[in-house]
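Structures incoming, each one as C-alpha cells.
In the two complexes below, chain A is the common chain; its partner is chain B in one and chain C in the other.
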Partner chain A sequence: MRLDLWIAVRVVAALATLTALSVVVFWATEVLPGDAAGVLSGPHATDAEREAIGVALGLDRPGAERYLEWMRGALGGDLGTSLATGRDVAGIVGARLVTSLAVLVPAVMMIVTLAGVLGTAAGLRQGGRLDRWLSGTTLGLIGTPDFLVATVLLAVFTAWWPVLPAVALVRPGESLWQHPELVLLPAVALALGGFGATMRLLRASVAHTVATPFAEFARLNGVRGLRYVWGVVVANALAPAVMALTVMTAGLLGGAIVVETLFNVPGLGSELTQAVAHRDVPLVQGLSLVLGAITLLLLLVGDVTARLLDRHGPTATGPAR
Partner chain B sequence: MTRRTVVLALPVVAVLTIALAGPWLAPGGATTPVGSSFEAPTDSYPMGTDVLGRDALARLLVGGRVLVLQALAATLLGSAVGLGAGVWAGITHRRRLGLALMRSVDALAALPALLLLLLLATGAPGDDVVVAVGIAIVSAPFSVRVVHAGTARLVGTEYARHAAARGEPLLARVRRDIAPGLAPVALAEAGIRFVAATQLAATAGFLGLGAGAPTANWGRMVRENSVGVTMNALPVVVPAILLVALAVSLTVLVDRASVPTRLAPERIDRAA
Partner chain C sequence: MATSTMRRRGVVGATSVLVALALAGCSGSHEAEQAAEPVTVDGGVLRAAFAGGSTETLNYLQGPTALDYVRARLVHAPLCELDPTAPDGVAYGVVESIEMSEDLSEYTLRVRDGVTFTDGTALTSADVLYSLRAPVLLEGLPFTRLVSRNVDLDAASAPDPSTVVLPALAPLADGRELICQSMLAIKDGTTEFTPQTPSSGPFTIAAFEPGQSTLLERNDGFYGQAPTLDEIELMSIADGTARVNALRQGQVDYISGLSPAQAQNLEGEGGLSVATSELPYASYQFFAMNLEHEPFADPRVREAFKLAVDRERIVENVYFGHAFEGNDVPALGFGSYDDSLEQRTHDQDRARELLDEAGRTGMSVELTVGPELPGMVETATLVVEDLKAVGVDATLAELAPGQLFADYPAYLALPFKAGYTPPAPFEPNHTPGTFPEVDALVQTARSAPTAEERLNASHAAQQLLWEKGNQIAPVFVPTISAASTAVSGVRELQFPDFAQATITP
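Coming up: the complex of A and B.
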C-alpha cells in the first residue's frame, strides 16, 4: 500500500475509534444508573425535586440528542461546565494537562534513556550477566502494580528519608514546571512503572536484530564497536523500539491516574478520580475524551514513525499493527 | 512437574488460599475498632491495628476474596469472549468481517484500561460486579488477539485445510483440528490475563472503586494505611507482598510453560 494512503487509513481509523470512545464515555456516564440529578439533589430529595433538577440539566431529552449537542460543543472546544464548581470544563482540562505533562515528559525521558541503554546492552549480549540480572529485576517490576511502586516511594521519602517533598503543593499562580523537586518523585514512580516492560521489549528487538543474517554479515566483515552497535543494530531495531516506546507512553497516561492521585499532583488523572468520586459528569466526560484522544494520537504518531523508520518494509518485522 | 515448578507454584497456591479461605479464618470483625490507630503487633493482634484501629490481620484475611473472585470472573468472561471471537475471526470465510472485528478489537485495546474502569465506576458506583465486568472488557481484546493468532496458525496447517476442503462442518473442525492445538495457548493466555486482572482489581480497590469503605480490600489497605508506615508498616507491607508474590510467580510459571507465551510479562503490563 502506498505510504500516504496507508497514513490516511490510519488517521481515519483513529478518528473512528475516538468517535466510538465518545459514545462509550457518554453512555457510561449518562445512561447508566447513578445520574447527575440524583447526585446534585442529594440523598434526601423527593422524586419531584430530583425531576425538576433533571429537567433543569436537560436530562429529560433523548440521549442521542444530548450526545450530538455535547459533540458539537466538544468540536468547538466547549465541554460544558463542571457540576461541582461551575467552572468551564475545557479550561480545567487545559490547566490539568499542562501539569500532567510536567510529570509525564520527565518520566518518558528517564525511561527512554534507561531502557534504551540497558535494553541495547542486554540485547547485544543475550544470556550474559547483565541480561540475566535485568531480566529478573524487570520481572519483579512488572509483577508490582503501579500503585505499589508509588506507595513504596512515597513511604520511603516521607517516613524514612525525607529529602524530597512527597506531595506536590504548588502555590496558586505558579506552575509545576518551576518546581523540579516536586516533579521528581512522581516522575520516578511513573518511570519505574513503565520501565520494566519497555526494557524487555527493546531488549527483544535488539536481540532479534543481532540474530539476523545481515547483522552476522556485518560482524563477519569486521564492523565492530560503536559503528556496529549504532549503524547496524540500533538503526535496524529502531522501528519496533519506537513502537514499544509509544505504546509505553500511552500506557503511562493510565499509570498517571494512580501516581497523580497518590502524590496529589493536580493533573488530568487526579482530577479524573476526584470527578468520578464527586460524580461530576461533565468533567468526567471532558477528561475522558481528552485522555482518550491523547492516547490515540500517541499511538497514531508511533505507528506512522515506526513505518517511516522501518528499513525493510512492513513484512520484514511482521505486520505493522 | 519439575522441582522448580513446584517451588514456583507454592506462592500462587498460598496466596490464593489466603484470599479465598481467609474470610472463614478471620478471628474477629474486620470493621470494628479494637484499639487506637497503627498499634504495633501484639499476641492477640499479630499484625497490629490499621488506620482506624481495626485488626489488620482480620482485614487482610477478609480483603483478598473479592479481589481474587473479581479477577477469576473477569478472566473467565474475558477468555470466553476471546475464544469465541478469536476462533471465529480466525476460521471464518468472511474475511472482511473477521478483519473488521480484529480492527475494532485493536481500537478497544488502545484505550487506557483504568480510564474505562473509572468510566464504568461513574455509571454504576460502589459495585464490585461492575469492576469485574470492566476488567473483563479491558482484558478481552488481548485474549481475542492471541487466540486469533493461534487459530490463524492452525487453520493454515495441511490437516486443517484438508478438513475444510472435505467440507467438514465448522464446529467439527473447531473441535478436532483447532481446539487441541489451541488449548495450551489459550491456557497460558488465561494465566497472563489472570495476573493482569488481579493487578487491575487491586488498583480498582486502591482507587476506591467497587464496594465502598469500610469493606476490606488489599488494594484499599495499602492506600488507607500508607500514612502510618513508620508506626506500623505491616498493614501496608503484607498485602503488597502477597500481590507481588502472586504476580511474579504466576508470570514466571506461565513464561516457563511454553513458547507461544514469550514476552508474557510485557503483555501483562500493557493491559494493566
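Coming up: the complex of A and C.
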C-alpha cells in the first residue's frame, strides 16, 4: 500500500478509536457510584440543596443527552467546563500536559541514550559478561515498583546526601520547564522505570539482527567496527526499537501517577485520578481524550518511522524480552 | 527584601549552588548585624503547604478544600468568628456587635467604622448584607448556607450604612454562632473572585495558580492588627508524604493535614515542631448505626456496640495521643457541651450481656468506611476488632477516597458506616429526623426565652443521645500540623490562621 494512503487509513482508524474511547470513558464514569453533585454536597447538605447542585451542574438530564452535547462541543474544540471548579477543561488539560512533558521529555531522552547504548552493547555480545549483568539489573528494575524506585531516590538524594529538592514547588507564573533541578529526580525515577523494558527489547532486536544471514554476510565481507555496528546492526534493529520506545513513552505519559504524586508534579496522571474521585465527568473525558489522542499519535508516528526505517520489508521480527 | 530572600532554603540545584553560596554569605553578615541589634521578627515570608489540588479556587463559597478557606480567611476579613471563650460565644470582626431582640425573632448587626476595601471604598451595611446573601446568590456549597437555612435573607434590610437587620425564620437563640461560623466580608455585587477582586482582609493576592501556589502580600490598609509577615506563599502539595519531605528539607516552613503516624515520626526531630488544634476545633468522628437495620432498632444492641469500643486504645494506637476521647455526643469543647455526662468506659462483659439479652449474639454487620478524615480507616479497623471481641461477626468495607459520600442516598441506606462533622456547635448543626424527642429538645434549646431553659434542653437532648443515640463517637480528631521552629503565632483553629504569624530569620 502506498505510504500516504496507509497513513490516511491509520488516521481514520485512530479517530474511530478515539470516538469509541470517549463513549467507554463516559459510560465508565457514569456507572461509578455517586456523581459530582454528591461529592460537592458532602454529608451535611439538605436534600433540596443536594438537588439544586445536581440541577445547576446539569446532572438531572439523561446521560446520552449530556454525552452528545459534550461531543458536539469537543468537535468544535470545546472540551467543556469542570464540574468541580467551573474552570475550562481545555485550560486544565493544557497546563497538566505541559507539566507532564517537562518530566517526560528528559526521562525519554535518558531512556533513549541509556537503553540505546547498553542495549546495543549487550545485544552484540549476547551471553557476555555485560549482557548477563544488564539482564539481571534490568530484570530487577522491571520487577521494582515505581514507588520503591522513587522512595530510594528520595532517601538518597534528599535525605542522606541532600543535593536535590524533595518536592517540585513552582512559584506562580513560573513553569516546571524553568527548573531543571526540580525535574531531575522525577525524570530519573521515570527513566529507571521505563529503561529496563526498553533496553531488553532493543537488546533482543540487536541480537536478532546479529544472528541474521544478512549480518553474517556483512561480517564475512569484512565490515567491522562502527561501520558494522551503526550501518548494519543498529540500522536494521532500529524499527522494532522505535516501536518499543513509542509504546513505552505513551504509557509513561498518563501512567506516571506514582512519580507525579511523590514528587508533587501535577501532571496528567494525577489529575485524572483526582478527576475520577470528584466524579468530574467533563474533566475525565477531556483528559482521557487527550491522553488517547497523544497515545494514538505516538503509535502512528512510531509505525510510520518503523516503516520508513525497515529497509527489508516485513520480516519475521519478533522481539522478545 | 533581604530577609525574605534568605529564608528560601532548600532549592539547591546544579544551577543554584552559586546562588546558595552567595546567600549563605549574606546570611552570615546579616546574623552579625543582628547580634548587635535587638532581634526583630518583622517581615519575612511564610511558606505553607496544604493538600490543595487542582480543584483550588478563589471562590471560597465553592471551594471544597481547607486551603481555599485558609486563603479566603486571609484575604477577606471575617464578619465575626466563633470564640467559645468570649461572652457572646463569638469574636467580632468587621461586624462589631450583634444584638438579639428579646423575642429572639430579629438580629441587629452593627458594622465597624473605618473598614475599607482594597479599592478604597468603605465597607458598609450593604456589603455585609450582600456577604450574608452571597452563599445563595452565588450558588455556594451547602456548608456555607447555614445562615440562609435559619434567617429570612429576602426580608433582611440595611436601614443605614452601619446597620443590618436580620429577621429569623423562627425564634432563634443561636443566630450569632450561625453568622460567625464561616462568613467573610465581600463587596456588594461581587460575582467572581479573581486576584483583583476588592477585599478587606490582612493580605491581598499577588499571584494565584490553581493546584500550584498562591502568593499573598500584606495589606497595609487592613483595619485590624497589622500582620508582621510581608508575604505568605500557600502551596498545594497533594500527597502527605511529599508535604513532610518538603518540610524536612526546608522547602516550606509549615505543613497542614498530617496523619497521626506522620506526626509521630516528626515529633522530636530537631528544628521542627508538631501542633494539634485545641478544643473545640476537633472533628466529631462517628460510626452511625442505621435504625432501619433491624438489630440496631434495639437500644440494647446500640449500647452494647458503644460499650464494646476501646476508646483509649484508639486514642493511643491510631492517633498517638493526638485526639480527644469522645463520649458519643457531638460538639466537645463548645459552650453547651454537657460535661456532666458520665464518660462511657470500655466494658466487654456488659456488652456481651446486652447482646445476649437482645438475642443478637453472633450477629453479622459490615462497617463501611473511607479515608475521609485522618485515622478514620484505622479507627474503623479497631472498632471492628473490638466488636469481634464481644462476639459480633463484624467485617470492614473500605472505599476509595472520595467515594463514601459521593452517592449520598446509598450512604444513608448503609446499615453501619463511618462519618464526621467538622467542629461546630451542636444545636444549629443537629440533623433532625432520627429521634423526635431529641429534635424537640434541640428546637427548645434554640428558641426558649431564657438562656437557662435553652441550656437545660440542650443537655437533656445530649443525655438522650448518650443513652440511646445511634452514633458511636470514640474520638474527636484535631487538625495536626508541623512547622519549622522559626514559625510562631499561627492560630490552630479548624483551619490554621496565619494573620498574626511570625517567622524568625
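What we mean here is this: the second predicted complex is superposed on the first by the 298 of 321 C-alpha atoms of A that agree within 3 Å, B and C clash if a C-alpha of one lies under 4 Å from a C-alpha of the other, contacts with A are read in each partner's own complex, and residues count from 1 in each chain.
Basically, a contact is a pair of C-beta atoms (placed from the backbone, for glycine too) under 8 Å apart; a residue touches a chain by one contact, two chains touch by 3 or more.
Note that the coordinates shown come from a computational prediction; the quantities given were computed from them, not determined experimentally.
Asks: With both complexes overlaid on chain A, does A:L220 touch chain B (first), chain C (second), both or neither?
Replies: In the superposed model, A:L220 contacts neither chain B nor chain C.
Asks: Touch check for A:L5: first (chain B), second (chain C), both, or neither?
Replies: neither
Asks: Using the superposition on chain A described above, determine whether A:T17 touches chain B (first), chain C (second), both, or neither.
Replies: first
Asks: Looking at the overlay, what does A:T85 touch: chain B (first), chain C (second), both, or neither?
Replies: After superposing on A, A:T85 lies in contact with chain C but is clear of chain B.
Asks: Tell me which partner A:L75 touches in the superposition: chain B (first), chain C (second), both or neither.
Replies: In the superposition, A:L75 touches no partner, neither chain B nor chain C.
Asks: Quick check for you: in the superposed arrangement, does A:T144 touch first (chain B), second (chain C), both or neither?
Replies: Only chain B; A:T144 stays clear of chain C.
Asks: Can A:T295 be said to touch chain B (first), chain C (second), both, or neither?
Replies: Touch status of A:T295: first partner only.
Asks: Is A:E181 touching the first partner chain B, the second partner chain C, both, or neither of them?
Replies: second
Asks: Once the structures are superposed on A, label A:L154 by its partner contacts, choosing first (chain B), second (chain C), both or neither.
Replies: both
Asks: Need the overlap of the two footprints on chain A, from chain B and from chain C, as residue ranges.
Replies: 32-34, 154, 159, 261-262, 277, 279
Asks: Taking the complex as given, what residues does chain A use to touch chain B?
Replies: 13, 16-17, 20-21, 24-25, 27-29, 31-34, 138-140, 142-148, 151-152, 154-155, 159-160, 194, 196-197, 200-201, 204, 247, 250-251, 253-254, 257-258, 261-262, 272-273, 276-277, 279, 281, 284, 288, 291-292, 295-296, 299, 321
Asks: Can you tell me which positions in chain C touch chain A when the two form their complex?
Replies: Spelled out, the residues of chain C in touch with chain A are 10-16, 49, 53-57, 62, 64, 139, 141-143, 145, 149, 207-215, 233, 235-239, 241-243, 245-246, 248-249, 251-252, 400-403, 405-408, 410-411, 419-421, 429, 431.
Asks: Could you list, by residue number, the parts of chain A that touch chain C in their complex?
Replies: Spelled out, the residues of chain A in touch with chain C are 32-35, 38-46, 49-50, 52-53, 56, 84-87, 92, 96, 154, 158-159, 162-167, 169-173, 179-182, 184, 261-264, 266, 270-271, 274, 277-279.
Asks: Using the touch definition up top, name the residues of chain B that touch chain A in the complex.
Replies: Touching chain A: residues 103-104, 106-107, 110-116, 118-125, 195, 199, 202-203, 206-209, 219, 222-223, 226, 229-230, 233, 236, 240, 243-244, 247-248, 251-252, 263, 265-266, 268-270, 272 of chain B.
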